[in-house]
Structures are given as C-alpha cells and as structure tokens.
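Below you'll find a set of structures to go through.
What follows is a pair of complexes built around subunit A, which joins subunit B in one and subunit C in the other.
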Partner chain A sequence: MKEKRNVLLLALPCTLTLLIAFIIPMVYTFIKALINDNLTYYTKFFTDPFYMKIFGNTIKLSLKTTLLTLVLGYPSAYFIARTKSKIKSILIIATIFPFLVSAVIRAYGWMVILGDSGILNQFLLNAGIIDSPIKIMYTETAVMIGMAQLVLPYMILSITGVIQNIDPNVENAAKSLGANPVQTFFKVTFPLSAPGVISGCILVFTMGMTSYITPQLLGGAQYLTMSTLVYSQIKTTYNLEFANAICYILVFAILIFQIVANNISNSVNKRLGSGKNA
Partner chain B sequence: MGYLSIKGLTKRYGDFTAVQNINIDLEKGEMVALLGGSGCGKTTILRMIAGFIEPNEGTVEINGQVMNKIPAYKRNVGIFFQNYALFPHMTVYDNIAFSLKLKKMDKNVIKEKVESILALVKLEGLSERYPRELSGGQQQRVALARALVMEPNVLLLDEPLSNLDAKLRVEMQVEIKRIQRTLGITTIIVTHDHEEAVSLADRIIIMNAGHILQVGSPKYVFNHPKTPFIADFMGFANLIHGTVREVSDGRTSVRTSTGAVVNSTDTESDKAAVDEEVIFSIRPENILVSDKPEEGYLKGKVLSLTYKGNNTRIVVENIFDEPLTVSSYDYEGPAAGEDIYVAFPESKVIIYKK
Partner chain C sequence: MRDERVNWFSKLVTVLAYTFILAPMIIIVIISFNSGEAIQFPPSGVSLRWYEYIVTGPTNFLKGLGNSLKVAAIATVFDIFIGVFASLSVTKYNFKGRGLLVSFFTSPMFIPSISFAFVLLRTTAAIKMMTPFSKILVGHLIIILPYIIRNTMSILVNYNWTVEDAAASLGANPAQVFFKITLPLIKPGIISGAMLSFLYSFDEAVISSFLTSAKFLTLPVQIINYLEFTFDPTVAAISTILMAASLVIMILINKFVGLDSMIN
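What follows is the complex of A and B.
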C-alpha cells in the first residue's frame, strides 16, 4: 500500500495547482452565479433561437473540423507509421513544425489567402473559373479551414502512434485470405486503429469547441461561435452574467461529450484487448 | 513441370541480393521444407509466393498460371505467420470465417466449414474466445485453421513451431503432418530447425545467402550433407581436418595432424586422392564410446559433459586438434578429466574435399 501512496504523492503538485487555480474558482463562480441569478441566463440562452443557433454552429463546426482532419490526417498518419525510409523522422518533425507559428499569425496567413481579393480568389478569377470573388472569409468554411490546419498535427500524431503498433503481417494475413486493399482497410486496419482515431477525435473536437483566436479572426462578428460570443458579451455588451452562463454551457457540453467519448474509447480498447498478440 | 513452380526467382534490395535465381518445383500435395539460417532468404521466397513482395526477376507459377501480376488477395495462397498474425479484434470464429465471409458464402455453410476445421485442429468450443484469451498453442492452431479453411492451392508455413515449447512442438509436428496429408495441400514450410524440416517434409531445400545449396529427401540430406557448411547446419558438430593416406576398395583412410587415422566407406563422399587435404565429418550420435581400450578405438580425454535428458553431450579432446563432440544415449561412462575411447563407424564418416 505504501507504494500506492508514493504514486499518489507524485500526482499531488499537479492536482493541488488545478484544484486551487481552476476547480475551486470554477465551482465557486458557478454556484455564486446560480445564487444571484437563479437560472435566468441559462433560460435566456436556451430559449433564444439566436444563441441556440450559435451553439449548434459551434458543435457543427467542431464536428466538421474533426471529420476533415480525420480524412486529411489518416493517410498521412498511415504513411508516416508504415514508411521504412529515412524521411520518417523528417515527416514527424514536419508534422509538429507548424506549432512553432502562433495561431494568430496562421489566421492572418489564411486571411491573405481566403480574402475577397486574396490569393485564392485572384487565382480563380484569372483562371476564368469564377466571374466574381467567392466569399470565404467570415464564413464557417474559413474557420473550418483555419481550425483544421491548427489541429491536424494532433490527429496525425494520435493515429500514427496506434498504426505503428499494428503488426503489418495482420494486414498481409487479411490479403492472403482474399481481402482486397479496401476490405483490408475497413475490416482490419481501421478497426485496429480505432483507439488512435477516437483519441485524435476527442482532442480535435474539444479544441474546436473551445478555440477562440481562429473563429475570432476568420469568422469575425459574422460567424460567431460560443467562445467569440462570450468575448462579445464581455467586451461589447458588458453582460458578464450572461457571458458566465455561456461559459458553463460550453464547459458542460464538452464534459458530456468527453464522458460519452471516453465510454466509447474504453469499450473499444476492451474489445481490442490491452495486450497485443505476439 | 510441378504444381507450384518457381523459376529464376531473384529479389534485390539496393545492392543486397536477398534471393538469387531460385528454382523450385513442387508436385501437388507435396510438402517441401526451406531450411536455412536467419537472413538466408527463405522468408523472402515465401513472401514472393504469397504476393506480398514482387520479385525483380523470375516467376511464380501455380497450376501453370503465372502469378507475378496477380495481387495477393487473388492468389488463394494460405499463409501461416511465425507470429500467427491473428485478427485481435475478432473472435476465433470470425478469424477463421474471415475468408469465407469475403466469398459471400451462405451463413450455414460458413458455420459448417468453421466447425469442421475447428474439429480438425481440435479447438472445439473455443469459437467465441478472442485470440488474447488463448494459449500460444491454441493461437497457433487458430492461425492454421484460418489458413486451411479457405482451401488454399498452396499453403505456406513460416516457422510454424518456433514459438512453442518442446512438448507442444512435437504434438504440432504430428498435427501439421496429419492435416497436410488429410487435405493433400501443396505446402512449403520455412524453418531454421533441421529436425523440424526432417520430420515434416517430403523434400528439403537447404539455403544460404539467397542460394540453394542442396535439395533432397530428409533422410538423404540428413545423412549426406553436400558440403561442410550443410553438415554443420544439419547437426554434424564435428568437422575435422586431415590428409588422405590411402584409398582402396571404396575405403578412404584419413590421417589427422595428431596422427589419428579415421576410415570412411561412405559412397556419397567426395572422391579425394592420396595426399589431398580433406575435411571429414560424423554426427555426434554416430560415434561409439567405451571406457576401456578396444580394437579400433582411439584414446582421448573427456573435456566436458552436458546432460540433455536421455542424451549426454561429451566433448572429447586429445584425439584431434579440434575438440570432438559425441552424443551418447544413456551415458554412464568416464567423467570429465578421465580417459575415454571412441570409434567411428566407417560408413558414417563423410569426406569433403577442401
């Protein structure tokens, strides 16, 4: 039992910091707001279609971003995990490299590309594909593109780690048993990589729900998400109580999502078994 | 023209040639062992037959059809992997039924086939288990059943027994042989264990560094390895240098630098002339031992004894320059440091030219 206590001791500094600087203030603010305002602001949020739409948009944006990064990230992850060439470490570094550039700068970069007179529209106009600039900036599409680029590395790294641990002979076995490459992927590779896909999706979805810089700069006032709504409630409307309620709605939404996702993840991991078959 | 025919098969990785101009012909229902050390190219050949890698040169033909451009999933070649490579997310039943479901067979037919193959490999009642819930031997049998149930044209076994303990290994040797005979599947088994190759295969192919060194029946290869290298690989622990002193009536007499004389009447040995330098070899278990001087016995000293259950491995010095390894059944002779007398049955001594 002593050993167990020592292990718990190791977790103490982090736990204490989180408790004092995060959990206690959160609970305190939540309860205090409830005492002062009852459920006034929560009711306001859930009964006004305007706010509900923003809530819905945020979830939709996060889901779309998750799906986009999954589709973009999986092939890259598979390649990185399976390549035997020396560029493997370079690819991993290249995956992490964008972290060196701040989200603000990257958002400005996307503005240059996606704006009405941006590179993309100029190109399409000059190529004669369109007659007038298409509006991308300050739409869901712009935010989604910016977000996807921001969170893609998390998806790639989560999946790469899992695929690296799948025995290539298991895929070969499937082929020898008559499965074509598509069947091999959907019946063997993908199910076995599910733990990585799930943890990647949890990460990316959560980051999509809470991200602020990207929606603020690429979505602006025309495309609001929960986090930019909170900001505008504080800075523009000075409605701190309402901003507080929105924050907690977001927190609870993510909490519920995490609980559901963790349950799925646990049952998948259980199905695959903790140990690999040697 | 065999059922499985490999012609001029060559595989290179950069400057390294893994497999060099390999030709093998298998009759339908034949079981051939590819025997060699690690890195000799035997697994590479298997992977080319299965279609996981493409040869640089040469062809693989099954039943007269060239397979080179046919992808692995259309070849109907069953493969058993050294690490079993079972699908960890599927039950035993689903593992075995995998190929049948892909063929969109009727559910009842699949059930029937899976149950009969489970009976064949003696795994009845385990169909709902996951691979991780099985012992090594059970996993191995699932892997075998999975490869067999698709009724492959050719079955490839990659080190099928290497992960098993000694008792299970013998059991599975018998099982594999029985199943292969029952179903009459053309089979290639890859192994580094000469005893496994000898006990399972109809024919043995010995490989080294991407080349075939010798092909023959287990009995022949076991008793008449073509070169000292193969002899060493086939368990001839003794490779002793000497000079031919006399050749007469099919008997070759060799004298070593220590003055010891050994005779050979082996008809398959290299024909060496008088005064030619040679290497002679004999299996440890073919050497006779005695604790007292006898006619035709050479005197030596026991360097060490290793008990291996029924057999005792005795290393003897002071006869040749090289230490001599003797294997004796139920040994109760001289202890380490004591004198020992050994004799070499003339028909069991093989002579190689240098």
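What follows is the complex of A and C.
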C-alpha cells in the first residue's frame, strides 16, 4: 500500500507536466482539426501528386541515407570493435563529439564546403576541372550528405556495441573449419551483428524522415522534405490547416514504422537467442 | 597477428568515414581564423577579425547567447527535479504497468520535433499571457525530459537498493536516506545527464525557430537567420567557440561517468 503511494507521488510531477504540455496539446490539436475539417486536408495530401512526391522523396532520402551510413558505418564499427591499437579511444571520442555539436553548425560546415562559391567549387575551378561552379546546394545530394554526416555516429555506435559482444573465437572456429574470411563474415559475423545493424537503421531512418534543420539549411525551398514542407506551408502559403495535417501524417508514419520495425527487430533477436541455445 | 582480423578494407572505410564526419567541423575552425573578406580555403592569412565581429557586428549574438543559456538552464533544472523522481518511481518499485509508465515518460522521443513544434505554436497562440520565452521553455522542458530520465534510469537500474535499507535500519529517516545515501551515489549520472540535456536544449533550433519572435531569439535561431542574408566567417567563429565549449563538456562528462556510459 505504502509502495503504491510512493510510486504515485514520485511519478506525479512528471506525469502532470507531460499531460499538460505534451499529450493534451498533441491530442487536442489532432481532434479539433478532425472535427472542423473532417479528413479534407488529409485527403488533399494523399490525392495530390505534388505532395505525395515530397512524401516519397523523403522516404527515398531516408533510405539512401540509411544505406550510405550503413556502408560507411559497418566497417568502421568493425574496426573500432576489433582493433587493439590506441587509436580506438581516439575514434570513440571522434564518434561521440559530433553528438555534442549542434545540427545548425554541422549543416553550416556543409554550406561552406558545397556552396556555389564554396570550398569544393573553389578547388575544382582553380584546378581547372570545371569551368563554372557545380550546383550541389539545395539538391537532394546536399541534404543526403548533411544527413549522413549527422547520423553516421549513431550507426557506428549502435553496431560497435554488438560486434564487441561477438566472441572472436566464434569467427576463429569458422575459419579453422575451412571458411574463408568472406564466408566467415557473411555466415557468422554479420548475422550475429544483425540486432545492432537493425537498431542503427531504425534510428537513422527515423531521423532522416523527421529532421528539420539539415534539410532546411541544405535543401531550402528547392528540395522539400516532409518537415520543411510544414514550414513552407506556414511561412509562404499561410495554410495552417494543411500544415497541421502534414504534421500528423508524419507522426503516424513514424509511429507505424517504429512499431513494424521493432517487431522485426524483436523476431530477429529471438531467432538469434534461440540459435544460441540450440 | 594482432590486427589480422581487421583487414585493409575496414581500415580504409574507417579513414573515409571519419574524414567525412570530422572534415566539416575542422574546416569551420580553419576558416574562422581567415583574415580575408569571404570564405576562403586555404585562408589568405590568420586573424581574429571574425571573432571581434561577433561582438561588433550588427547582430547582437551575445543577447541570443544569454537567452539560450537562460532557457537551457531553467529547463534542465526543472527536468532534473521531476525526472529524477520519475526515474525513481520506475526503478525502485516493481509493479504492473511499469514498462508502460517508462514508455510514457520517454514518449516525447517518439514524436517528430517538427510536429510538436507546430502543435505548440498553435496551442500557445490561444494563451495570451505566454511570452515567446515561456513557449520555448515549455517546448524544451518536454523534449529534453526523456534524456534526463533515460540517463538517470541507466544509473538507477544498477543501483543497490539494500544500502537504503541498511541506512534506514540504522535509524535514518526517509529524507536522510535520500539526501545522504541515494543522492550522492547517483549524482554523477544525474550531472552527466544534466550536461547532455543542457547542451541539447542550448543547441535546439526546431522548436525555437517556430516559437521565436523578434524580441526573443535564441543563438541557434540567430545563426539560421544570419545565414539567410550573410555568408561571412562570423558564424564559423561562433561555431568554433561553441565546439570548444562542447569539448570541455565532453571532458567533464568523461571525468564524472566515463564516455563508455554514453555509448548506449
């Protein structure tokens, strides 16, 4: 009885704060819009090819970003997890430090490099490789580069964790049974590291879908994603009701994705777990 | 033998990946010391003129800095109080629905910032007495809460609750047990969580840019606005200072709890 009272007292301030400032506004705004306009703006979004294309582009961008960070992140994570040299701790610091640097600053770094008069174009022009600056800013490429750099450390950390827990003797056993390094990797190491790969991919994909600062600064109004579309609906077309619908489409898309992805990841973990016992 | 497992391929990709991660930040530092008019690489000379320009230029970045510090400090202190209590409720006691309560406490993590920012913009517009400062503060309170709770929980999960019983059996009252035993033991975790959350709020720009007004701007919003019209190395100079501050915070966290705790 006393325990129940303690739990209630301890949880109360946080619960009230979340209800008042988060849950109630989120639910209230959704229901109010639904009552006022039915599904008008949701229908508008899903029937207009212009907006569906932006939705599709955002998914495509997030998938590409996930793939790029996986390709760069997996070998890096493998190196960090397995190396015994001192560079390991330096790499861990270099992975964590970007977490503490604002997305604004990191996007600015890419503006400096990729801009029309940026460092890359300066270099290419001076070297005589191109005659006029190539346009990278405000394209999908710029946003993808910025996003990938933003989320790569998440991917690396998430995979490093699982590889560190794989006993190197398991790999050695495969090799002594005649598997070559490539076979060992694809039949032993990679499957065992699947949980880290999956959770890294879920995280990176979600961030790709929802990030705002990076696409705003590197894509601007010329390359819109779902989140920058919300901004443009507010600032340029003053269509608050439509912006509202886009916000909730994003919320539900992410929730559905998280539920499906977590189910997949759970079943993979379970299979690995039962494999270990067998 | 030593690095036999780590073949040349993973080494090569690691070099590429870390060049990719670090290059933009290193370039920012280099161009911030440029003596020329525009962004040049390599710089035409070394000077501190852009650092001076942070203070002497037309944008009052110091005011934005003050605003950001104010929001981050108040949000962090408030969240430490409610967050530590909430973490205690779900780690100290075992009850039905505990997992559900943890999900509820960390729920702001699963909602896109842009959507929450927009909802706050709409709902707070109806409340006349709310200033842009209090609106941004409320937004930050909510989005950094999950980080404080997760950080504190990760410490409390491994906490040995029997020391509390020991203190109590020796005659300490519940308040004494909390302040003399529990709090000192979980303090390092709370401090590192607080520093991370402070930094998150300080750097946050989505909620801030939606709820801002000309009268109350935070530093990240000022930087975004500045970049819209001017593209000189002033922002590089500000960024360099902020990155140096982040480095100091990282060293402090390493001292308190070790960087390993940040890997999960």
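Just so we're on the same page, the second predicted complex is superposed on the first by the 245 of 278 C-alpha atoms of A that agree within 3 Å, B and C clash if a C-alpha of one lies under 4 Å from a C-alpha of the other, contacts with A are read in each partner's own complex, and residues count from 1 in each chain.
Here, a residue touches a chain if its C-beta (ideal position, glycine included) is under 8 Å from a C-beta of that chain, and two chains touch if they have at least 3 such contacts.
All figures in this text were calculated on a predicted structure; none of them were measured in a lab.
Visitor: Please indicate which partner A:212 is in contact with in the superposed arrangement: first for subunit B, second for subunit C, both, or neither.
Guide: After superposition on chain A, A:212 lies in contact with subunit C alone.
Visitor: Touching A:178, do we find subunit B (first), subunit C (second), both, or neither?
Guide: first
Visitor: For A:191, select first, second, both or neither according to whether it touches subunit B, subunit C, the two together, or no partner.
Guide: first
Visitor: Using the superposition described at the top, determine whether subunit B or subunit C touches more residues of subunit A.
Guide: Looking at subunit B versus subunit C, the one contacting more residues of subunit A is C.
Visitor: Using the touch definition from the top, say if A:169 reaches subunit B (first), subunit C (second), both or neither.
Guide: first
Visitor: Does the superposition put A:53 against subunit B (first), subunit C (second), both, or neither?
Guide: neither
Visitor: With both complexes overlaid on chain A, does A:271 touch subunit B (first), subunit C (second), both or neither?
Guide: first
Visitor: Give one of first, second, both or neither to describe whether A:122 is in contact with subunit B, with subunit C, with both, or with none.
Guide: second
Visitor: State which residues of subunit A lie in both footprints, the one left by subunit B and the one left by subunit C.
Guide: Overlap of subunit B and subunit C footprints on subunit A: residues 181.
Visitor: Could you list, by residue number, the parts of subunit A that touch subunit B in their complex?
Guide: Interface residues on subunit A, with respect to subunit B: 167, 169-170, 172-181, 183-184, 187-188, 191-192, 271-273, 275-278.
Visitor: Can you tell me which positions in subunit B touch subunit A when the two form their complex?
Guide: So the residues of subunit B touching subunit A come out as 50-52, 71-79, 81, 83-89, 98-99, 102-103, 130-132, 139, 146-147, 150, 163.
Visitor: In the complex of these two chains, what residues of subunit A are touching subunit C?
Guide: The contact residues of subunit A facing subunit C are 3-4, 6-7, 9-11, 13-15, 17-18, 21-23, 25-26, 28-29, 71-73, 75-76, 78-80, 82-85, 91-106, 108-113, 115, 117-119, 122-123, 148-149, 152-153, 156-157, 160-161, 168, 171, 181, 209-210, 212-213, 216-217, 227, 230-231, 234, 240, 243-244, 247-248, 250-251, 254-255, 258.
Visitor: Quick check: in the complex, which residue numbers of subunit C touch subunit A?
Guide: 2-3, 5-7, 9-14, 16-18, 20-25, 27-28, 31, 38-41, 81-83, 85-86, 88-90, 92-93, 95, 101, 104-105, 107-108, 110-116, 118-123, 138, 141-142, 145, 149, 196, 199, 202-203, 205-206, 220, 223-224, 227, 231, 235-236, 239, 242-243, 246-247, 249-250, 259, 262-264
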